[in-house]
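Both of the next two complexes hold chain A, though its partner changes from chain B to chain C.
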Partner chain A sequence: MIRAIPFVDIANPPELGRHARQRSQAAPTRWLAVALGAIVPLSVLAVWSLAVALHAMRPQILPSPLAVWAAGVDMLRSGDLASALEVSLGRVALGLALGSAFGLVAGAALGRSRTLDAYFGPILRAICQIPTIAWLPVFMLIFGIGEELKIAIIAKAAFLPILLNTFAGVRTASARYHEVANVLEFSPLQRLRFVTIPSALPMIVSGLRLALSNAWHVLIVVEMLASASGIGHVMAWSRTLFQLDVVFVTVVAIGVTGWLMDFAMRAAERRFSPWSASA
Partner chain B sequence: MNHHFTRRASLAAIGALVATGTRAFAAEAAPPVIRIGGVGYGYGKQFGQNAIAVAEAQRLVEAETKGAVRVEYQFFDHTGPAINEAIAAGQLDFASYGALPQIIGKANGLPTRIIANGGVSNIYVGVRSGVKANTIADLKGLRVTLQRGTILHQALDRLLAEAGLSEKDIQLYDLPTADQLTALTNGDADASVGVASILTLRDQGIVRIIYSTVGKTTPDGINAVAVTEDFSNKYPAATGAVVRAIVKAANWTAQPQNRNGVLDIWAKSGTPRKVLAEDLAGPLKDTSIPLIDELFVAGLKVSVDFSARNKLIRQPFDVDAWIDRRYVDSALRDLNLVSYWQPRHAPPSLAKQ
Partner chain C sequence: MIRPLARRRIDVRGIVVPLVLAALWVVASVTGHWDPHLLVPPAQLARGFIATLHNADFWIAAGSSLLRLLTGWLAGSVAGVALGLVVGCSALAEQIGAPSLNAVRQVALFAWIPLLTAWFGDGNTAEVILIALAAFFPAALNTETGCRNAPIALREVGRVLEFGPREILRRIIIPAAMPSIASGLQIALTSAWIGTIGAEYLIDQGNGLGVFLSSARMDNRMDVVLFCIVALGFIGFALSTALRLAFAAGTPAMALAAVDD
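Coming up: the complex of A and B.
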């Protein structure tokens, strides 16, 4: 039974080699990576400061980095930023959980059954092509303008990447691995445990990473359009109040939060790849 | 210091130039372009529904500047914040829009002066069909939708206070106009505060109108015309020319025999002509008024107070110092319209402001 795992490793030698190389280089080059990653943001900050110093734009439309910093510190101290992010992250968590659950079930079902795929595959792929935000008016008719609307929109945004990746993970696993499973006379449960899940999991985690990123994007838009709370609302409302320093703070907060979530998901992606986890 | 000196000097220059009226226009260097902005309505291309739109249609600014200057108009989809941003980015010299976003802009340091009354927008409160509410007091506990930070928000605040209520007694949903329609149709909102476009919903049987400012003397729905200090300091004569064009446009709009012509221009936005006709059913002289009179100034002060109370602005500021009435006063004299509009007095409840 344990033989199934080495089999997966051997099946992906290039992946193994790439990940192993990355890891061996990771420690000494980490600081260099941080330094390289900081070059562009620091240049932007320099150009920004220069533009402010030269009065290239009015401070009302381009507040100075210091003004933005002060507004940010103010929002951190007052807890406004934390409470807005808390509301937004809560919505993302709930929407992502719902969307992933549906996506996982639907993706696995379509991946396993060619009949289901024949019926539902084309329409789901067509729906994929329509941006989530374009559904807003329709979703508003169904879910109203309350909390359900935001959760539904996020769930919809998260659903598709999970569905497609689960589908692909389940489908691509089948060909050769299942032949081996047949030879080894696996029970359906063993087949799930040692073939389907290990081979689909990396794809599913990649899907989850994409889903989280999609969910975060649409959440901000939905909060800007139809909400009285959350970080997207703070951004839209500060724009109404012509407090561009606060708008800049929310832009940074949204970017940093999104980046941190993606960073965590990338770590999870590496963790859940069976070949790298077992190495 | 130097800056202050030049500002004083140019203020003195404005006085001199405005006093001499049209003839002064040739004396100062003409601006390469005059850019005028306003609140727009419509789908896709935006059209104005105020004196600015009439001035554009009749090329009145071009006439006042003897065709020597290019004039550009830009109307923004319903939105004051976008106009504030355009002014801050140096893309507009003049703008006619709601008092509330103007106050928010000014409080955040936007260098503008108020140079004319931009006319009055009628405000309506509609209740979804089937909801049992006939007065503002009946809104208690209901879900009301509007765009926060607008003159509509301020009007609701005043109406609630009059009825002995506050915003805490209702559930306020901040939604863009198009989504308000969905919310009302859907039963997710019980009431909405809006301008004339809400009459379209009434015609479709979605709402009943329970209140409107039509024919009432209220400080609600104030629009104002602003100029950037940069422009008025540099081109006082051109500023005077633009204000003359606006006063002319307001005067043309206010005359009963031009009602159809006004509708022709304003209906370009796609707002049904029937709805606009109803909105304008009262004496046009009451809504198309360029005067900086007692009611207008009191209304601006009410707006500043409202904005400070609701933390829309960090600090109140001096409204009187923001207003520069010389342009509109001399335009009225130049056009022999000094006695055309009667200055409105503020009702006693506002006079204390």
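Coming up: the complex of A and C.
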């Protein structure tokens, strides 16, 4: 029986060792990681180039990698890409500001007052069951297809995550902090400043991150459906003209922009995480 | 014993706001202060709901949406769980696959529609692929997380018992990852349902609730649009409840079966 038990290094089990190695990567390991990570993109590029070289698909449907690259450089130089993104990001900023303002106020109010929650909570949670994209036709009937539609649908997409996270952040603020605030006889404003906001901030920032991601996704849909400007419009229009090289560029631009926004929000999340906020 | 029962009792305060809104709606439509196209009068809304319920087109649309959803969800989930298992169990596969996976995930789902329709036409194929894509990422991510978080102690038990890699996967990692996989499949279903409606609505071809919704909007029929939205919410809720109940019934049995045999 004893012979059947293989040696297990309790102090340094293989899994832990693997993760520890990953955390303190030496330069050669890091290069290895880059090389390994590049395998899939490079293979895709190779298959793509091969398919173009062999005329496997019509060039209108599958433009060559070089054509896509050229279209990308062209759109960057001419400023077409920048101006489309500027329009889209402006809409996101406005809609997000509107939606988070309402979400913050409503979430804080429902979080602080159980009475308000009892009255308004159920209907808000019922509305949550229906995805934002399903509201799009209703919003189109109400707002038409102008600028108001985009701002309203982004605000709607941003409102619920902010509301729910603010609610949770305010509701879970430890009762002990509120007892301290009682002892110190804080005014409501002081309580907001020193108790509620610091303890709810991490949740609110997480909500903002989710809201931004939702807003970006739904904006692309609205711009594809009903818009004469913005990155989603450029994409849908180029598709209609069968300029798939431009479509590829816009897909990458949408991905990179989404990633950059999420990267910034993740940095904000770390900045406002509980242990740094208390410092 | 008393407290959970008391907590489960419905709080009547929750229906006050909907009732007030409904009363305002009735008053507004009776006095005619609102555009009846936007704020549909209650009687017309009821007629619209009943008419849509009796409309065979609606049921055909709902049926084909459901079929599309299930096809895409199954395909995307199977691919996602398979890839999640590979990436979650092998460090090498993780280093090869994770960067590309994370890069592709950054693209907003519906931004794939122009490329998909160019390649596969404005029809069912492009829609099912988009739905599969919507299901794929949550399934893959949750499976990967579940595998990674399989307790090290359990894996050591596997090594002590001299399990082969396949047995470790089947008897230890998969049962340990099962709750995470199950919740990944749930998220995948919700995401796939959103993908179904969005794809149908954007591509606007053939049958489907999204197409039905889109034509109701074109006809300026707010009553039908509202009915569709309620139906969408209801179907989504029913599907995810059904899946949750199925998993609640199935998960312990699956885990036990893997350990017992």
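The criterion applied here is as follows: the second predicted complex is superposed on the first by the 212 of 279 C-alpha atoms of A that agree within 3 Å, B and C clash if a C-alpha of one lies under 4 Å from a C-alpha of the other, contacts with A are read in each partner's own complex, and residues count from 1 in each chain.
By definition in this document, contacts are C-beta pairs under 8 Å (C-beta built on N, C-alpha and C of every residue); 3 or more make two chains touch, one makes a residue touch a chain.
Bear in mind the structure is a predicted one, so any value in this text is a computation, not a measurement.
Participant: Would you check which partner chain A:R266 touches, where first means chain B only, second means chain C only, and both and neither mean what they say?
Facilitator: neither
Participant: Going by the contact rule set out at the top, does A:R30 touch chain B (first), chain C (second), both, or neither?
Facilitator: neither
Participant: A:L225 contacts which: chain B (first), chain C (second), both, neither?
Facilitator: A:L225 contacts both chain B and chain C.
Participant: Look at A:I61 in the shared chain and tell me whether it touches chain B only, chain C only, both, or neither; answer first, second, both or neither.
Facilitator: Both: A:I61 reaches chain B and chain C.
Participant: Tell me the contact category for A:P137 with respect to chain B and chain C: first, second, both or neither.
Facilitator: So A:P137 meets both chain B and chain C here.
Participant: Once the structures are superposed on A, label A:R114 by its partner contacts, choosing first (chain B), second (chain C), both or neither.
Facilitator: Neither chain B nor chain C is touched by A:R114.
Participant: Going by the contact rule set out at the top, does A:G146 touch chain B (first), chain C (second), both, or neither?
Facilitator: Only chain B is touched by A:G146; chain C is not.
Participant: Looking at chain A, does chain B or chain C touch a larger number of its residues?
Facilitator: For chain A, the partner with the higher number of touched residues is C.
Participant: Given the touch rule stated above, what does A:F242 touch, chain B (first), chain C (second), both, or neither?
Facilitator: both
Participant: Using the superposition on A, tell me which residues of chain A are in contact with chain B and, in the other complex, with chain C.
Facilitator: On chain A, the overlap between the chain B and chain C contacts is residues 57, 61, 137, 140-141, 225, 239, 242.
Participant: Using the touch definition from the top, list the residues of chain A that touch chain C in their complex.
Facilitator: It is residues 4-6, 8, 13, 15-16, 18, 22, 32-33, 36-37, 39-41, 44, 57, 61-62, 115, 118-123, 129-131, 133-138, 140-142, 216-217, 220-221, 224-225, 232, 235-236, 238-239, 242, 244, 247-248, 250-252, 254-256, 258-259, 262 of chain A that touch chain C.
Participant: Under the touch definition given earlier, write down the residues of chain B that touch chain A in their complex.
Facilitator: Checking each residue of chain B against chain A gives 81, 84-85, 88-90, 101, 104-105, 107-110, 145, 148-149, 172-176, 179, 182-183, 186, 188-189, 312-313.
Participant: Going by the contact rule set out above, which residues of chain C touch chain A in the complex?
Facilitator: 11, 13-18, 21, 37-38, 91-92, 95-100, 103-104, 106-115, 117-119, 152, 155-156, 159-160, 162, 193-194, 197-198, 201-202, 213-214, 216-217, 220, 222, 225-226, 228-229, 232-233, 236-237
Participant: Give every residue of chain A touching chain B within the complex, in rising order.
Facilitator: Counting only chain A, the residues touching chain B are 57-61, 137, 140-141, 144-146, 225-228, 237, 239-243.
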